[in-house]
Structure formats: structure tokens, C-alpha cells
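Below you'll find the structures, each written out as C-alpha cells.
Okay, so chain A shows up in both of these, paired with chain B first and chain C after.
Moving on, here comes the complex of A and B:
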């Protein structure tokens, strides 16, 4: 007996605006470039298996144009990291990752100012790309020949177009060069704080709203009541994806916990309040053999709530999957007049229905 | 943004240390001179404690100290609940039980010994004289004349809340058809692969404390534990080493974290407690726990007019950090992806003789999707729409990519502000001020 179950959700996550939270809904980040050019990210989020040491390093490496191996993400130590809220409610990347992203933009504003000074150029002629602050072509040519810069618009001070001897011929600086210069603090622009570090506390304007559809196809064994998945298809939209492997992993894990809820798990207290499911011998968790091959797909609709366009995916699996599974089992048993079954739906329940017990 | 890395399947930099067993969890941190804590936990779901005899445990070789609820009642503030709801009943949740126990696993005494085996063995030497009290585990029985758990409240109802949008009575009046279905969201155990664990080390010279805990919220824990034990927040450092999963169960501040911090200060030594799996099942929060009735009003053509979801939320005996708030999150998502003219959610939050429920992956929101998606299948079935899983949905509208169609009780969420936190904080501060005053007098 085969059944098909469908579930479509619009969830609410990336908790959340502080207005809706008991103890702050923002998240924090500090990004600094050490004198040796290594990048340290301190996040107030507290990942515990989600993989943000990797995904936040991806964000930082791309934004700073550095190798990902030069980025270290530090979290979970109140003696080291600025105050943060933590990891829950599918919030770490949408809120904490955004804090990292904006902190980097702040850091780059300062680096740009220092680069402009060191290259003795006009700010508008220095561009950041691939980890380097470079003079634009025309300005570079001017710097190389030592002539005045013809592209400086009339009325703007052409000071940057007159190179000092020590930067003669130099048309670009890496962000690491600038970090070292910022630490040595010998040739900083006037009124510039030494060091290259920025902190940002990001307050989201709203929750995010991921959505998706999960479809389960199950076969129920008429003799034993056993339930087997024939297919499991999930299409989720969690906004912009930083690391597809991590997103897949989150969806996998969430569906597995949904399978647990739909078919196996139940904390049981007896009438005297004794905990009957006190060990893993008594509390049934799904095993690897109970888990189908997942067919995952995605659409990517960037969230307007944060500049990364990220929504969060930590809970989508547990939100989308459970009804799809139960709907499929109920559908399979429709010939027996079944309209509803309570979770966890066990082979025993099904056997009793089929056999009229 | 340049995209050398973002959007790519970059391998997890965390994995090499985890796969090779080189990562450090709380239990991997070994400090010289560490003492180990084991808990005497209630075997009964509801009982009066007539007496606790710790003398045999204290006399056992290797046992350093045994603390009971009365030893710490004036020293450690209540376990915090950060949820604020109108007229919410918040029981006085102490780190160790005093005169009554309210659930199986309720901590009664902490045994401190030179190693964890000695501590565990000495737990069996603590004699607790219990007197059985009537137990209530069923939410409906709890609210319909069953035994009252917290006598001061006069009933087992922690709060009642109705939220919604649209005219629900008009929706049902205009309906061609209605259906009604009871559904159960059983309690689930989050079962992180690594159970909870706490290591506390006090530095008497610096008057600083470092607390290693397997938690999802190090900073919030620092704030709360500092308030609970009356320590300046900036003298307390919370470190979360590797954390082997949480799923919401470690989005909390538990009795053990404050208690071990306090014990370390008393004894001037590092103290460690690593939760056993049995403790994890009994004394770490559970998820879900709703008994609900769905009612749907709809037209013969499948147009949905109204959805009412009335739920008994099984909160357990005490509130942990977010216990009462979790069921309210269900209301936010009850519209699912659909345009439904009126939605109402009625919550009765119930005390039962069980461990607290709280956030478990999804935290109130999976319940909502389950309710609305099951409801739609029931509607389709009632209208004999075939195939049942598709046709009913064709008349429904996905209204927006960036909000749910209806944010049912956003105002409810917005009221979950400082009210309760403030109350708990002032309570904690009063207790701490008292104990500090006593200490100061002794010093003089």
C-alpha cells in the first residue's frame, strides 16, 4: 500500500528582532586583521555543530580577498568574544553572519582610508579587488610617471597624485600590507586609530521567512505494518546559500528528526509520573536503516531583511517534514477508512488497523 | 561580493579535529585537583520530603561535601525563566528541591567527591524520606480538578492565552462545512549526542570564576549565573568548548550551572559534573508536548474560512528559560502558506509532574505546520477531493515570499519582554544581597 504525503510551509526564523525576544535579538561580530595578515573573526553566535567556523570564514575570505586558511573564527568564550546572543532559532548565519559581513565593511572603510594615504592617491582612485587596494589605471600611470593626474576632476585637490619617493611605482597594497602598517602606525593618515579591527552589532529589522515543500512517498507492509520510504523529496528556500553542503546537512538532520517524531520518538511517563523512556533502550531513535535517500533541491530567494540575503535553515527540516510523513502514511491507509493517525505512527498501530484489533 | 568561497561546497574546517577525536568537549578538560559532583535525584514524581540524611554519604571515604536544598536556598537565586506572558504563574524554581519534589529527576542533593565513581556511589548513601503525593501527568486532568502541583497558584494553569486575527465566529457561521480533529504532539527528548556538562573553577586570588559548559548561549549564561550566585558579571567567564549538539536543549540556564559555580567558590577547587544519558532523558528539557484540537471552517469549494487551534501545553513542573513562550510560537505560523480569513489559537499552559518542556528544534513552529498541513488533508478528505494531497491546495494562495500570510500573534511575541526577567532578576539580587550581607558581617 503506497501513500503520498505533502507539506508546504512558510516558517519564521532568524530570531529575531529584539522587540520580539526576551534578551536581545541582535548578534555581534568583531573582525580584525593581525599584524601578520591573519584574519580573526569573533562571533557572538555559538555554533555547536552547524559549521559556522567554515561558513563565516567563507564570508570573510571572499569579502577580504584572502585565503580561507588565513581566517580563524572564534566563538564561545566570554573572556575573548564581545557579548553575543547565541545560536538557536535558525539565527546564526542570518543574524550573526550578517554582523560579520557588516563588520568587514567597516574594516574595509578604514583600510581604504589608509590605503589611499599610503598610495598617496585620491580616495576615489583607489579600488579594492582580490584582496588588494589598487590605483585605478590612469592614476597608476600617473603615479608611475610622476606626472600630475589628468583624471582628477577640476576642483578636487590633486594631492594624492603626487607620489612620495618611498611609494614611487607602487600601485597596489594588499589588505595585509595595510594591516601591518595600521599596527606599526608610522604612516597613518591624521586622526586615524592604529590597528585594523571593526566590531558590529547587527539588529535585524524583521524575522526571515523561509519556505518550501516536502513530499514523502511511503509503502506500508500489509502483513507487518512496517513503513518504508520509497522517495523523499524536499525543496526548500532558505535564501542565499553560503555553503550548499552545510545547508544540505541541516535539511538532512532536520528530516531525520522529523522521521523520529513521526514514526519513533515519544517520551513516556506512566500514571505515577515514572519516566518509562529513561534510556536509549526504551526511547526509540531512528537508525540509519530507517532513513531514505533524500532528493533535495532549492530555490534561492534572497531575504530583504539582511544584506547577505540569508534566511536560515536550521529548523526547516523539522518544520517541513513531519506532516508530509504522517500525511503519506494516512494516505496509504485510506482504503481502511483512516483519516488521522497520531505520532509516532508505529508498525503496531498500523497492524492493528489492518487487522481490526 | 566576490564569490571564491561563498556558494561553494567548502569542506568543514571543524571536521578533521572532530573525526580524529582531537576536539575538546567539557569532559576532555582535566584540571588538577578537580572534584566531581553527582546528584541525588527524585525517584518520585510528586512527594513531600520529610527528611534528608546525608551523614552516611559524608562519612564515605573520598566524599568532600554534600549540599541539600536548604543549604543553598539563601545562597543561589532561582533558575531563570525569561518568558513574560500576561498573568503568567512562575513557580519558585530552586537549584535543589527543598520540601517537595515535583518530577522524577528533580535534583535533591549534590554530592562532591574526589572522583566521579565515589560521588556516584555516595549518592546511594543519601537517605531521603519521601511521602507520596498525588501525581498529575495528563494535561486535561491537570486542569480539571486534578491534584494541584504548586499550591500557591490554586490550580495547574500557568497561563491562558488567546491570540489570532480575523473574526473566527463569523468564519464558522459562514462555513458550509466544518471538521474537528484532536492531535497529539508527544513530548520528545532532544538527545544531543553529548549530554550536558559543567566544569567550574574558582580563582580565590583573582576572585574570578571560569565556567565551562556545553551550552548554546555562553553570554546569556554568564549574565544569568552571575545574578544567580551574586557574582559580578565581569568576574565570571563562560567558555563553551566543543559542543556535541544542542537542538535547543542547551538554549537554557540549568540548576547545575549555577550550583557548580557556587560549589567551586565554597571549596576553592575545580568541580565537574557530566550528565549521564539517564539524567539527560529525565532532567534536560523535553520538546513539543501539546494536546490540541483543530477546527476548520470551509466552503464546499474548498475555500478556507477559519482555523481554530485549542491546545493544552504540557509545560512540566517548572519553567526553564523559555518554557511558557514556546507554545505561543505555534500561533505565529498557523496560517502556513495559505490565505485563511480567520485564525484563532487558544493556549492553556499546564503544570504537570514532569520535566519542563522548552525549545527543541523548531520550537513551537513544527507544531503549526503539522496542524495546518494535517488540517488541509482532512479538509480534502472531507470534500472527497482527489487526489487528496493536491486539489485542495489549488484554490489556496501563497501570498508573499517574505512573510507568512498572517502573523497571528506578533503582538504576543512583542510582549515577551523584560517583565518576567526583571522580576526574576530582582528576586535573585535580593537573595544575593542577603547572603553577601551575611558574609560581610562574618568578615567583620
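Moving on, here comes the complex of A and C:
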């Protein structure tokens, strides 16, 4: 007896505008480029498995043109990180990642100013690409003299003390050059604070609205009421995807939690108020052997709410999957007039329906 | 919780182990894999004063053949039984049953002797040894005795082991002629224990009719039991679908089935019928 269950959802994520939140809906970030050229990201988000240590490092590495291994993301230490709101409501990347992104734009603005000054050029002649501030071709030809500084490969420490940077006749400067110069403070433009650090508190103007469709195909064993997954398909739209593996992981986890809710998990008390499902010997969590192969796909509709276009995906799996699964079982039992089933749907319930017990 | 305080000894030989048990008949308990005993001690359901650890007595773990017998030492682990290529050839019910127990970690430590001596109402080994009509060799202060499996499992968590006795060997007559075996298990989604577990050992006549059947059930009653009604109904039949259907109707005869949050007594009996049928059909299909 085969059943197909469908669920389409729209959800509210990236909590959220402070007006609508109990104690602030913004998120904070501080991004520093150290004198060594390494990047430190302090985030008020508080990942606990969601992977922002990686995705925020990706944002910083992409935006600054640095090696991702030179970025350190720090979170959760209230002695070190400025106040933040945290990770919940699918907000860490949409709100926290945006704070990181905008802080970096502030850094790049200052670095551009310093580069322009050090290259002794017009601001409009200096462009940032691949981690370097470079003179446009014509201005570059006029300035070239052939001197060069010792090159320390990115990601390594220098073997000895570096000589002072020579900028006479340079046509480009790396962002690491700028960071060092910002701390040595010998060639800064007038009225420029030393250092290269920016903090931003991003206040979102709205929530975001991810959406998707999940489909479960199940087979019910007439004799035992056992439920087997034949296929499980999910297509979700969480806006722009920074790290596909992290997004897939979130969807996997959500679907597995839904399988638990739909088919296994229940908290039961007896008439005396004694908890009967008190240990994992009685409370059934979904296990690898219970889980089907997932067929996952995506669409990417960037959100207009933040410059990254990210919506959030932490809960999508649980929202889409639970109804798809129960709908599939209900569909399989449609010949028996079933229109609804309470969760968890257990084989004995199904056997009783089929056999009229 | 943590266990009540206890002493712990590691005898080097079986004789030493028997002597240690005899020194404290009430308070001493045998420890092998520990995966039933230690959880019970942590819940303080068991409070032995002395643990006699026989897991390190190497001479107690073996899989041997002598004549038409398979001899299995009591401290042979589930893993050793699961991975025995020889048993997969000559008595595949044993590795199939072993493989269904717990998980990898449990199978690396748990022993066939411990499982039989503990006699959990959902234990897998009791069903397998009942279906195979095994002999169990016990050793105690008064010497050795052999008990048939069908007399060994007495009641809930209660066996024929007398105070001071240790199960040391399981003996199984090598299946011969045309035979087929199967172990069907419905695992509880949380604990993994058998909601029902059915062990099937079929021996066929040359014409394909049923010469004898060993059918044993675990998970349904207070202890594992032989479904003698099913066995008798199968004997002499051609093992066609009707014969099997008629036979499995007897699988819960005389049994008051267990009932819990996952499966009521009615449903459990129904599962026992379904899986006995499937076990017989699988065993029949495997006959050479």
C-alpha cells in the first residue's frame, strides 16, 4: 500500500526587526585585520553546530581577498565578544552574517582611503581586487620603478623582522600591507585613526520568508503496519547559499527530526503522573537505520532584506518534512477512509486501522 | 545511579570461578560481557557483593566441532559467532541471530553464555538455542550436569542455574540432510530489543516435506519458548502456504503476551504469527 505525501511551506526566519522581538533582533559583528594580516571576526551569533565558523570565514575571505585559513571566527565567549543576540530563529547568517559583511565594507572603505594615500593616487584610480588595491593601468605605468618588498606567503610567519614597507613607486598594495601600515601609522592620511577594525550592529528591517516543498513516498506493510520510505524529496529555497554542504546538513538534520516527531517520539505519563518514557530505552529517537536516502535540491531566490540575500535554513527541514510524512501515511490508508493520524504514527495504529481492530 | 559497592575478582580458571561463587552463594555473581548485569547494577536492580569476572578465562571461549556436535564456549562473544564463516556454512541460524543483537559495541563484549544465563524475556540467544534443541553444560560445586534448553528457561529472568553454578558450554547437534534456518526479529525502535524474535530450524525429508521443525519465540512472553503447537502442525506437511498459515496460528498458544507502550499483547501475537510465517518461508527457501 503506497502513499504519497506533499507539503509546501513558507516560513518566517531571520528573527527579526527589534520592534517585533522581545529583547532586540539585531546582531553584532566586529572585524579586525591584525598587523600580521590575519583577520579576526567576532560575532554575537552563537553557533552550536550550524557552521558559521566556516561560513563567516568564507564571507570574510571572499570580501577581503584573503586565504580562508587566515580568518578566525570567535563566538560565545562573553569575556571577549561584544554583546550579541544569538543563534535561533534561523537568524545567525541572515542577521549575524550581514553584520559581518557590513563591518567588512566599513573596513574596506578605510583601507581604500589608506591605499589611495600610500599609492599617492586619486581615489577613483585605485581599485580593489583579489586582495589587492591597485592603480589603474595608465597610472600604474607612470609609477613603476621596479623595487619590491620581500614576499611572505599568505598563511606563513616571516622568518625574521620585516623591513619597513617601501611604497615609493608601488603600483599595488595587498590588504595585508594596508593592515600593517594602519598599525605602524607612519603613512596614514591626515585625521585617520590608526588600526583596521570595524564594528557593526545590523538591524534588519524585516523577517525573511524561505519556502519549499517536500514529498514523501511510503509503503505500508499490510500485515504489520510497518512504514518504509520509498523516496524522500525536498526542494527548499533559503535564498543565497554561502556553503552548500552546511545548507544540506541543516536540511538533513531537520528531516531526521521530523521523522522522529512523525513516527517515533512521544513523552508518556501514566495515571499517577509517572514519566513512563524516561530513558532512551523507551523514548525512540530516529537512528541512521530509520532514515531514507534524501533527494535534495534548491532554488535560490535572494532575499531583499539583507545585502547577502540569505534567508536562513535551520528549521526548514522540520517544517517541510513532518506533514509530508504524515500526509504520505494518510494517503496510503485512504482506502480505509483515513483523513488524519495523530503523531507518532506507529505500526500498531496502522495495523488496527487496516484490520478494523 | 552508581552501583552498590562490590568486590571484584578475576579467576584464571573455571574451577577458581566456581570456588569463588561457592564462597558467597548469595552475594556472588558471574560477570562476562556485563551488558545486562552492569546496567542492572547501575539501577540497583542487582546488588551483588562480589563480581566473579570470567570474561578473561580464554579457555571458555571457543567454537569447535566434535563428531556431529557443535560446541560453543560460554564466553564466546556475539561478534565471534556473527563472524564465523564455518558456522555460516553449517548452522547459519547462529551467526544470523548473533548479528541481530544490540549494536557493534554490545556484540564485541556480550557473550552467548551470559545471554542464556540472564534469560531476558526479549533475549535473542534463548530463542536460537531453543529452536536448535541445544544442550547446556553447567558446572558447579557438585560437578557438571547437562540440561536441555527447553528445561532451562523457567520463568521471568529465572533459569535452572542453581546457586554456585556457571553455564560453561552450549552444545548443538549439527543440522544434517536438507535443512534451512532463519532468525526474524522486530527490533523495538528505542531499545533495539526484540518486540518479537522468531528462530526457525527446519529439517526436510527428501521429498521436501517437513521432517521436523524447531520454532522458538522471544519477546512475547515472560521467557523465550518453543512454539510446540506450530512445530507439531508443520511436521509431515509440504510446507505449502496453507499449512504454514494454519500452523502459525498456534504461535501464542498458552502464552500471556507482554504489552507495552510500543506494542499491545494482541499486536505482539499478531506480529509473532506474521514473522513466524516469514521465518518459515525464508528457512524453506534457503534449504539446499
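Assume the second predicted complex is superposed on the first by the 334 of 357 C-alpha atoms of A that agree within 3 Å, B and C clash if a C-alpha of one lies under 4 Å from a C-alpha of the other, contacts with A are read in each partner's own complex, and residues count from 1 in each chain.
Basically, a residue touches a chain if its C-beta (ideal position, glycine included) is under 8 Å from a C-beta of that chain, and two chains touch if they have at least 3 such contacts.
These numbers come from a predicted model, not from an experiment.
Determine, for the superposed arrangement built on chain A, whether chain B and chain C clash or fit.
Aligned through their shared chain, the two binders fit side by side on chain A.
In the overlay, answer first, second, both or neither for which of chain B and chain C A:87 touches.
first
Quick check for you: in the superposed arrangement, does A:275 touch first (chain B), second (chain C), both or neither?
A:275 sits against chain B, while chain C stays out of touch.
Contacts for A:283 in the overlay, against chain B (first) and chain C (second): which applies, first, second, both or neither?
After superposition on chain A, A:283 lies in contact with both partners, chain B and chain C.
Is A:190 touching the first partner chain B, the second partner chain C, both, or neither of them?
In the superposition, A:190 contacts neither chain B nor chain C.
Go through the superposed model and pick first if A:44 touches only chain B, second if only chain C, both, or neither.
In the superposition, A:44 touches chain B alone.
Does chain B (first) or chain C (second) touch A:356, or do both, or does neither?
neither
Looking at chain A, does chain C or chain B touch more of its residues?
After superposing on chain A, more of chain A is contacted by B.
Quick check on the superposed pair: does A:318 touch chain B, chain C, both, or neither? Answer first, second, both or neither.
first
Applying the touch criterion given at the start, work out whether A:331 contacts chain B, chain C, both or neither, answering first, second, both or neither.
first
Across all Cα pairs of chain B and chain C, what is the smallest distance in the superposition, given in whole Å?
8
Residue overlap on chain A between the chain B contact set and the chain C contact set?
Chain A residues touching both partners: 277, 280, 283, 285.
Contact residues on chain A for chain C in the complex?
Residues of chain A touching chain C: 223-224, 264, 268, 276-277, 280-285, 287, 290, 346, 348, 351-352, 357.
Okay, in this complex, where on chain C does chain A touch?
Counting only chain C, the residues touching chain A are 186, 188-191, 261-264, 266-267, 270-271, 274.
Going by the contact rule set out above, which residues of chain A touch chain B in the complex?
For this pair, the touching residues of chain A are 4-13, 16, 19-23, 44, 46, 48-49, 51, 53-55, 57-59, 61-63, 65, 68, 75-79, 81, 83-89, 129-130, 206, 208-209, 211, 237, 240-246, 254, 257-258, 260-261, 265-267, 269-275, 277-280, 283, 285, 301, 303-305, 314-315, 318-320, 322-324, 326-327, 330-331, 334, 339-340, 342-344.
Okay, in this complex, where on chain B does chain A touch?
Residues of chain B touching chain A: 1-14, 44-46, 82-84, 103-105, 135, 137, 181, 183-189, 191, 210, 214-220, 222-223, 236-248, 250-251, 277-278, 281-282, 286, 288, 322, 325, 329, 332-333, 335-337, 353-354, 359, 361-363, 365-366, 369-370, 373-374, 377-378, 381, 387-390, 393, 398, 400-405, 407, 410, 413-414, 416-418, 420-421.
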